[in-house]
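These notes concern the structure reproduced below.
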Amino acid sequence: MDNVIWIIPLLPLVGFLINGLVGRRLPDRLVAIIGVSLPVASFFIAVWSFLELLKLGDEGVLTSTLYTWIVSGDFVVNLTFRFDQLSAVMALVVSGVGSAIHLYSAGYMHDDKSFSRYFSYLNLFLFSMLVLVLAEDLVLLFLGWEGVGLCSYLLIGFWFDDMENAKAGKKAFIVNRIGDLGFFVGMALIVITIGTLNVPEMKNLLEANPGLLTAGMATAITLFLFVGATGKSAQIPLYIWLPDAMAGPTPVSALIHAATMVTAGVYMIARLGFLYVLSPTTMIIVALIGSLTALYAATIGMAQNDIKKVLAYSTISQLGYMFMAVGVGAFASGIFHLMTHAFFKALLFLGAGSVIHAMSGEQDIRNMGGLRKKMPITFWTFLVATLTISGIPPLAGFFSKDEILWKAFSTHLGSIGILFWAIGLLSAVITAFYMFRLFFVAFTGESRASEDVKKHIHESPFSMTSVLILLGIFSVIGGFIGVPELLGGSNHFEHFLAPIFPHLGSRFDAHSAHTWEIILLALSLVAAASGIFLAYLMYVKKTDIPKVFVKKYNALYQLVYDKYRIDELYGAIFIRPFFVLGVIFSSIVDSWIIDGIVRIVTMATAKLGRLFMSFQGGDVRVYGRVLLGGLLLILIIVVFGRV
Amino acid sequence: MIEMIIFYPTAAIVILFSLMVVLHKSPIRSALFLLGTLFFMAFIFALLSAHFVAVIQILVYAGGIIVLILFAIMLLNLQKEDSEYDHISLGKVISLGLGGFLFLIISIVFFKMYPGHSSELPANFGTIEEVGRLMVTDYVFAFEAISLLIIASLVGGVVLVRGLINSKSKLKKLK
Amino acid sequence: MDWPILSVIIFLPFLGSLVVALFPGESKKVLKGTAMFFMLANLALAVYLFIDFGGDGIKYMERMPWITTLGIDYIIGVDALNILMILVTTFLFPIALIAGWNRIDERGKAGESVKLYLALLLGLEAALLGAYAALDIFLFYIFYEAMLIPMYFIIGLFGGERRKYATTRFVIYTIIGSLLMLVAILVIYFEYHGATGQFTGDIAKLSTVAFSPGIKVFLFFAFIIAFGIKSPLWPLHSWMPDAYVQSPSSGSVLLAGLMSKVGIYGFIRFVIPLFHDLSLAYAPLIMALAAVAVIYGAMIATVQQELKRMVAFFSFSHVGMILIGIFSMNNFGVEGAVLQMANHAIVVSAFFIIIGIINDRSKTTDINDFGGIGAVVPKLSTIFMITILAAVGLPGLNGFVAELLIILGAFKSSILFGILVASGALLGAICMLWMYERVFFGKVTKKANSSIKDLSIRELAALIPLIIIMFWIGLFPGYILNKIGPGIEKYTTDFSPYTEIIEIDENATYDSNPTDLINTTSNNSKLENSDAGGLR
Amino acid sequence: MITTTHYLVLAAIIFAIGCFGVLTRRNLLVMLMSVELMLNSANLTFVAFAKSLGDTSGHIFPIFIMTVAACEVAVGLAIIITIFRMSKISDVLGLTFMKDIKSG
């Protein structure tokens, strides 16, 4: 406890305790002050720690051990927070974006009757997320991991008066829990093979004795952990909860379901990169799942009309990019995209929140339009974010996304990288298309809202717009810390993180790499531009094209609109059989077979009893006979027993 | 020899009479056969030089108990139990089997424990004096206990018959 | 230690029971106050015992000849295996009393029945503590059976509508098991006599007996069935739902929270030490049954419509988890299981207390009669949520630490069982959250539910300590783990029933010293492993 | 030559007959008489053994037994008369007061 890292997660916890226990008796203003100031304070401590870390140089790391949490024989789990380069980035992003969204929430939620409950949950979330990123031990990481899942459950179901919200929350929690099961199994396998869950210790042990893990076991461990990541980060096949999670308040969607929690899976894989590189099979699977998710979610995004649903699918898609990055071994690029994504996706969600706030809760983009004049700040910041996600230089998204595509193409895993790259590029086109479709439909053209909604449309209060502007600035400049050498930058970001990650080669030599990189860069630009142009063509110039398209390929459109009916499929394959089996167990196996055996035994006893009862019919002579019979038996034993 | 001449007929009569006690339909005849059984049993006692016991047997049993039973039968005005004789029930067969078996077992026991005759009996064997002496010396405690029992049964008998009148209706309800 | 603290802890509630039963007055307040005083005093003693406890051997051992002709001694002691349960038992009784504070009044028309109830409760506490502390197999058996008597009357007199059916079933089931166990105990007892010529009930000595393999399997399964019924182990559980549902909620607390633990404790203290090799050989079988219980119980719980029944099956599922931990027979599994026994007692008690409160309010525990009451009773719903989270093993609450250890233990012995146990936590979450959603979320569906009262101070007084303990174990399990750790490490190396501390041993008139004991045990197990090999 | 065994076998026969009577007859009075038979056969054994062993003690017990028999008959008859007067039953099949009503 020689430094103050442990205070970073502690402050939001204090906020949670105050707001959770006595918040209902405090005035809303005080609740907001507590709820916002503590995360901000924790952000400043994170910044201070970051500066300390910079002073320490490459190998520098700050740790702070509070106490021993679990101890069983040789297996020890310490409550240790570790502030190294990776956690520093994550802690800054989480506490920074988190504080911003707390501030935004103070405005957004100001008239909610459960204001203090909201802030206590949000503070608890920030605490859990900070524990997650600062944990040195996987068990502690799991504490944060489950904690964020819990907060996500509580916040999605925040307005639990509506059963749909509660159901969405439960779905999120349970699907997360399925992933957690995988994570847990992975942890257990690590314990029985390596013997510790302390990440640096694991790394040292593996370096000292590489024979500790067989290739098969490494694949099993990493795959199980990856199952956990797919649950938390909404990848195929466990992505289904995230679109439903949009039922929560919009700042929650921005913070949890876009900027921070859902990236926990990426962070975890990056943190355990040294394990993942032991198993190329897993790496390929991770990259493949990531790229497929990117494409798949993007296609669904094209057909959605709910503004938050579009953003949700876009989040899934962008997370797919990150997994592609970590899958091909470009951990730094994945984290870089994670960071830029946190900025622009939070901005998109908060912008959407601003719109929804103004439109009196309307979320369907077909009923919007023409918001440019009424909400200029929202409009401009939203435009910036949309450009960023589409990958237009020199905004942040361009650098991070392009780097992922290049790393995928040049991966050490071999020419399969070209496949990842191709899928990524296609997804980039689609992303640009549907994001601009959203933008054009919602913000330009004539307003399609009803009259009384129209009257209320107004720009959001300062507490909200200031956050939008702040995030907008970060979306613009955030990419410059990771400008690749090709474009004259020095890629500070990657160098900063270099001590954490394993170094994997590229399949090109330095010279040909340069040529390829330029070609790919150009192709990415073309892709982004074509996507935007297509959207412009279809939704601004010739607005009848979509209708014709829908008419012509109605079945396909419906399929995509219904999200490929995966929810229904899961329902039929997993959920219904589960309940049917439960009913069978309960009403047939338990009450007929198991209880039946018991009942047969009791019935047999009763029958036997009735049989014996006939000897006791009240007739003295029968008693006498039985008595005499017994006496004779004894006599026989006595008499002949002696012979 | 004399012993033999007396024993066999007497034993035959005893067995026959006791069978009649058990088998006869009419309770009153049964009682009379019982009287006969007991009377001839006294002969056998006498044969075993238990003169005092033989006398008591006749006095107490024949004179007292049987008369009591006869009184009771007449008081209750019992009829023949015809129904019982109409069929051979499983219960009777079982009882017969059990009775026969009991006899076998007891006989085996007696044969196994065959006690030898003592060559000569003491002079005062079975005399009234000797019996009386034993009763108030060695067995005085049992003697007193028996007298208590007699009082108890006396009281019991009186209470039973007297209490009947009061609780008659109550017991009927119970049934 | 100069005075026999452990005996005091065992017999103080018994004394209390007598005092309450013979109390001349009828004032309910005084009666309850007296009972409370005895329970709290006992709790204080147990806490002192726990704080003072340490090391890897048996402490506070008391050994007195009792029935000398039969070699039955009064041997009690505390070690890592039972210290936690003794503490939890003394802790839960005052809580159960507070939780049932007013309900006893409603039941009893006169002071008599309150008196009876309190006396039974105290008697049950004494029997439970005795069963946990006993180290002589006959002493254990006596306490084990004595527990049944108060429980029979608590369910039979104070229970729900079908209480007679439930309690008869419960008692008959348990008695069948314990009679089988008694037979097995006697066989072991006479075998030992045959081998050494002396009678004894001391389990440390009994565990050295060598049997022929055939009879040994029979004895082993007699014990397994006895404790399996009590725990309960699948498929011996069909007494459980009715008994849990029909007993008054403070009765369910004690039944599910504490009495079923005696069965589990029996596995650790008696079955594994007495039949070490067979436990190893049959561990996969028992783990498989337990794993069935984990999955099957959770699935049945999910589709239940009645809260108590649901919690009953949920608890059944968790018991399976504990048994898997025990029969993984390694340090992780056993330590996790011992901790989980305490956790489970606390969590299940909280569940039954909450359900009892709900039942008090609306006279029903059918899930369909509720809906949307979350906004009506915020305190209740919050505490219920925390309990659920503790039950499904959320890190930071008590369930997690133990579940982690159990799962690690299970993985160490078999990856398949590890995955099955781990999935239990998932299924539990599905079941519990679905129920919670139907009871608390949405709009208030029934008019009667819109005016349910939130928790009163008394109810909070019963629940808050449970919640605090949940957080305490969840966040600072190190204190407890350090206390029980060395003992369990020792246990998992030699599986001896208990280990005496040397200095006590020197003074005792006891012919074999512990090292001898351990040697003979291990020799036996080596020798008999070859036999057991044939059985496999 | 009549040995002790002869007497003993006679006693056994009478005992068995008495026993049979108790087990088969329905009339309470006849049952009582059968019991008397059994008692008497016991007396016979005592007396026979007394002779065989040359010990007069064997004569004391028959006297006691007779006394007990007398008491028994007195009380037994009182009970029988009571029952009969109460319910007009002298048949053991009817004597089921103490039986559970339901299971009958």
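Before moving on, here are some points about what is shown:
Here the chain labels run A, B, C and D in written order, and each chain numbers its own residues starting at 1.
Please note the rule applied: contacts are C-beta pairs under 8 Å (C-beta built on N, C-alpha and C of every residue); 3 or more make two chains touch, one makes a residue touch a chain.
In this text the structure is predicted, and so the values were computed from the model without any measurement.
Among the remaining chains, the Cα-based centre furthest from that of chain D is the centre of A.
Central chain (C-alpha centroid nearest the global protein C-alpha centroid): C.
The centroid of the Cα atoms in chain A and the matching centroid in chain D are 95 Å apart. Centre-to-centre, using mean CA coordinates, chain A is 38 Å away from chain C. Separating the CA-averaged centres of chain B and chain C is a span of 66 Å.
Look at where the CA atoms of chain A average out and do the same for chain B: the two points lie 100 Å apart. Annotation for chain A: residues touching 2 or more other chains are 621, 625, 628. Touching of two or more other chains is recorded for residues 91, 94-95, 98, 102 of chain B.
Going by the touch rule set out above, the chain pairs that meet are A-B, A-C, A-D, B-D.
Contacts from chain B toward chain D in the complex involve residues 3-4, 7, 11, 14-15, 18-19, 21-22, 27, 30-31, 34, 37-38, 41, 44-45, 47-50, 52-53, 56-57, 60-61, 64-65, 68-69, 72-73, 75-76, 78, 81, 84, 91-92, 94-96, 98-100, 102-103, 106-107, 110-111, 114-118, 120-122, 124-126, 130-131, 134-135, 138-139, 142-143, 146, 149-150, 152-154, 156-158, 160-161, 164, 168, 171-172, 174-175. By the touch criterion given at the top, residues 19, 22-26, 92-93, 95-96, 98-99, 103-104 of chain D touch chain A in their complex. If you check the complex, the residues on chain A that touch chain C are 67-73, 75, 139, 142-143, 146-147, 150, 153, 157, 160-163, 166-167, 170, 173-174, 177-178, 180-181, 184-185, 188-189, 191-192, 578-579, 581-583, 585-586, 589-590, 594-595, 598. Interface residues of chain A facing chain D in the complex, by the touch rule stated above, are 613, 617-621, 624-625, 628. On the side of chain B, the complex with chain A involves touching residues 91, 94-95, 98, 101-102, 105, 108-109, 112.
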